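The same subunit A turns up in both complexes below, where it pairs with subunit B and then with subunit C.
And then the complex of A and B:
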């Protein structure tokens, strides 16, 4: 195979990936390297920075707000992924039946996912507003006064309120993935289980659910990454407040960079975020195999 | 064996409407609220249904919004950012996917791994570095600069999705094209690309969501007012005209119409596209 033709063959093959690789190096690899480099500096982004080594990371380890962002991520990941998956799967199982108008249901339930987080954030800020909001109006007109509450303004509830908005927005996304996954299940397998006397619940839990493995894993991975990256909804709804109660890594990094002009510290936060995100992705592919991403059988 | 007649079965299936109708209606309430508030005229603040719907709906807010802002201009700017990034992500993504699925490329596994890395990057972490790259390339304050960054960020999803659907193309189909004398590009363009249409539909909607909905990058990298995209306007409005609630909600509708319309057109292919691609 050590033939000039074989070399040419490989070069022309490589040409297909080169444009994507160039964009990768300029807009993905470079910003990552940049973050690592800037994380070693005490730097305001304008003047020359001073090298502080791992100083920013030492400071992070002692920063209660950073701890808070990690705790919030630890809450956010299960409390958004699980409801989105359960509601999405339940709806998908129903919409997978020969049902009249299922295209309409599917389209409407997916609709929130395509909207801009800015749009979704502003609408939910209006719904949850303790003075002129929809819930407040319901509280006043029905006497259910407990509904009138400053969900986004109270440190105890702020992050959970944003999670509810996230679930509203992305359940349709899980629904669509599950509908796609259900299409790949051989009807004969379910028929066989039916002949063996399995009822609908048994067929769902023992046959359908395990066969959706790759869909579960894909949604889990995208959910973890998406949770760690959560920025827009928080920015519009709470800006990470009140008192950092709903702060997550991206909002904190953004604040440090654009409001406090501590680019070095912001970069250290981003590095932490990248390490956690890449680490959990690699862990998932180690534990479950990469088949659910690459499409290859294990 | 079960002896159940189809008519009986479909009657039971139809009972699902009893669950699906209330769930869907509840899920749509926030959208009803946006529409309702956008139709609420400032001179008649009366509402029904817990403030969700106006007593006397009117399009006055839309008129105000179009009078106060060059909406067609912003709409054009959004398209100028979104459309090139969709085209580029489909083209470059499927080229890379083709090579990674079917061609002999050195270090294939590494290239695939690296290219998917962008999936984990949050915009807020790379915005400072990106800002500098765009400046160095002379693409700062340009819609094309924003567009190309979205392309880079959208590539991993496009590559994963299209690559999987390329791998489902039978090897014999590939070989037949080669026997017919097709070179790599012709095989890719005439054989593979048409077969990945459902996956490409998903990529188009996905990329459009990314490019149409992001506001952080335009917020920091587009300075001139007349190149700003539509998504930035609600935030500006919320800050400056916070008393004009109706106008704000009319803008939210205007921002959402193009993306919702695209989704409505593409939505039939979405499930099939995902099914072919996420195996």
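And then the complex of A and C:
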């Protein structure tokens, strides 16, 4: 026999949850299900669609551009997340020391993260322009001719050039997380290590680095999801080109939807993106435990 | 027990969401009213062009001549507008008047657009088609199904693809307009290292690349590319492969500047050209807009004032091709009316006024672009040079335009665009590029 008060409590609790649930279903669950349904159609978004079952996914499996986007994502994830984390950690370690003007440095280093990716893209396109850009001007003054190269226009370098801009932009994000993580480390641990004769490098690699495990994992998870969603910077800097050399899943989905009016196919790409994002998140929580998200020890 | 209950709740949630999502893939309904159409004495307009001050002037012109009427207009950037239009069609909230691109886009929304034949006849008379330049009107029906003679959009402005020269640099250096491919090939080696880019190509955007390909293909074998589009000749025809070869030569033979693939035509390339940093700029006749007599002249670049620093010319001839350059162009954009407009008569009045009435006159006076209708020309020129260029474009070139600057099908357009990017970056040979387009055509 349940206590009537407990039942009332449950109803009250439910009443608090319902608004969030409604928002979740309307703005998260509904678009996802809608997207799944659209991915089974040959549909231009305006006229009536034709059910093609898994046809769009079969086409995706044979689409070399889709394969290219997956390869680019596979490159993008480690080549942006690792440098961002390493540089961010290095800067955080420096800015965690008593340093004059520390707040100003922190703000300046975090500034690129809060800028619009579109603005960043436009500015960097100008910097990298091999004819009238900043790097070209430096090349002419210094004789460093490699700077006067069309990094965004060459299919071999385009995606790496965008990655450099991405790292420049989001390192401040890693810096912020690591600074927060460093504040949580008990100073006595580092003191004890110092008394035991550990030098700065040893304290950093053997005490600080392992204790920042949750921060590393959180940045990794956010980095993977962020990488899969990368759109604005790519779109402004290369539009996924030249010849799909820097194409990623979101830019390809956008082109299919709004240039080719293939909403069904674009939805299939979005479903693939969703599956990869959820799959990688679940894999991470499975391998590392959910503690880095919930804050609990594993 | 608790687990089963959780599954039931989750299942109910998914079922409810699935029901909610049941409308994916449905055609937008043909309701009698729409949220986007205002009704009463108000007409709504959404598009990406024309921008202010031209649009405000057009609205003022109509509202002054038709007291009590209101035009509620929203203009946004092109990419934003394509998304906006698609969403509005799907949600049945189209504005009364919409901006459209000829060909694929107009065809995609054909079922939601009002045929304009009656509207045009009611405002301009039965012989209304004679008012328009033929190429502009042809392109308004580009991609219509066989037997469908309706106009779902009417052309507002026209465009001719061409190259612009900086005459100040020409005067300083003695450079001449290249008439042939050999002349063009000689330009960059001759003038490189003089502080300006000899041939400034903004090849990041597909529309300019496909337009140049059409100029090349038509200069090699006039009209053949459209036969390939219709399937009567293969895309691997030697002359179409040759067009890819000459496109490739722009990059491999050093005609286009380093980094052309990463340069946007707008605003990058045009900004450099207007700043005097380039000798030649492949673009289109719309460059004449740079000299706006209604704008504060102190805000206009020196070269653009009165078009004094520019000279238009057509893409040079190709060895073994046509004897003279071919005219490639067509409608720049169209206006259409939503089938669900609550005020189709007023929308028709606005549309026809903006094309050939007082609004159209304001548009031409402000933009200096080429009209779609004959006889409309700017009332005031900022210089004799501007008048001379306008007359050359409107009276000599435009009547000769035979070849479209658009493809009918977006899939072919994208295939050609991809193939051009691949050729430019050395990822494909011209033959492979042509085969890749044929493969897409075969799959349609």
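The working rule: the second predicted complex is superposed on the first by the 297 of 298 C-alpha atoms of A that agree within 3 Å, B and C clash if a C-alpha of one lies under 4 Å from a C-alpha of the other, contacts with A are read in each partner's own complex, and residues count from 1 in each chain.
In the analysis below, a residue touches a chain if its C-beta (ideal position, glycine included) is under 8 Å from a C-beta of that chain, and two chains touch if they have at least 3 such contacts.
Keep in mind it's a predicted model, so treat the numbers as computed, not measured.
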{"item": "First (subunit B), second (subunit C), both or neither touched by A:170", "value": "neither"}
{"item": "First, second, both or neither for A:265, with subunit B first and subunit C second", "value": "neither"}
{"item": "Contacts of A:66 with subunit B and subunit C, given as first, second, both or neither", "value": "neither"}
{"item": "Partner chain(s) touched by A:48 [first = subunit B, second = subunit C, both, neither]", "value": "second"}
{"item": "First (subunit B), second (subunit C), both or neither touched by A:244", "value": "second"}
{"item": "Which superposed partner A:76 touches (first subunit B, second subunit C, both, neither)", "value": "neither"}
{"item": "Partner chain(s) touched by A:130 [first = subunit B, second = subunit C, both, neither]", "value": "second"}
{"item": "Which of subunit B and subunit C A:214 touches, first, second, both or neither", "value": "first"}
{"item": "Greater residue coverage of subunit A in the superposed arrangement, subunit B or subunit C", "value": "B"}
{"item": "Partner chain(s) touched by A:154 [first = subunit B, second = subunit C, both, neither]", "value": "second"}
{"item": "Touching both subunit B and subunit C, residues of subunit A", "value": "29-30, 34-35, 38, 45, 132, 257-258, 263"}
{"item": "For the subunit B and subunit A complex, residues of the former touching the latter", "value": "1-2, 10, 13-14, 16-17, 19-20, 23-24, 27-31, 33-34, 37, 47, 50-52, 92-93, 95-96, 98-100, 103-106, 111-112, 114-130, 132-133, 137, 148-149, 151-153, 155, 159-160, 163-164, 167, 184, 188, 205, 209, 212-216, 220, 231, 234-235, 238, 245, 248-249, 252, 255-256, 259-260, 263-264, 267-268, 270-275, 277-279"}
{"item": "Sites on subunit A touched by subunit B in the complex", "value": "9-10, 12-14, 16-17, 19-21, 23-24, 26-32, 34-35, 38, 45, 91, 94-95, 97-101, 103, 105-120, 122-124, 126-127, 132-134, 137-138, 141, 168, 171, 176-177, 179-181, 183-184, 194-195, 214-215, 218, 225, 228-229, 231-232, 236, 249-251, 253-254, 257-258, 263, 266-267, 270, 273-274, 277-278, 281, 293-296"}
{"item": "Residues of subunit C that touch subunit A when the two form their complex", "value": "13-14, 16-18, 20-22, 24-28, 79, 82-83, 86, 89-90, 104, 108-109, 111-112, 197, 204-205, 257-264, 268, 272, 277, 410-411, 414, 418, 421-422, 424-425, 427-428"}
{"item": "Residue ranges of subunit A touching subunit C (in the complex, touch as defined)", "value": "25, 29-30, 33-38, 41, 43-49, 51, 125, 128-132, 148-155, 158, 237-239, 241-245, 255, 257-261, 263-264"}
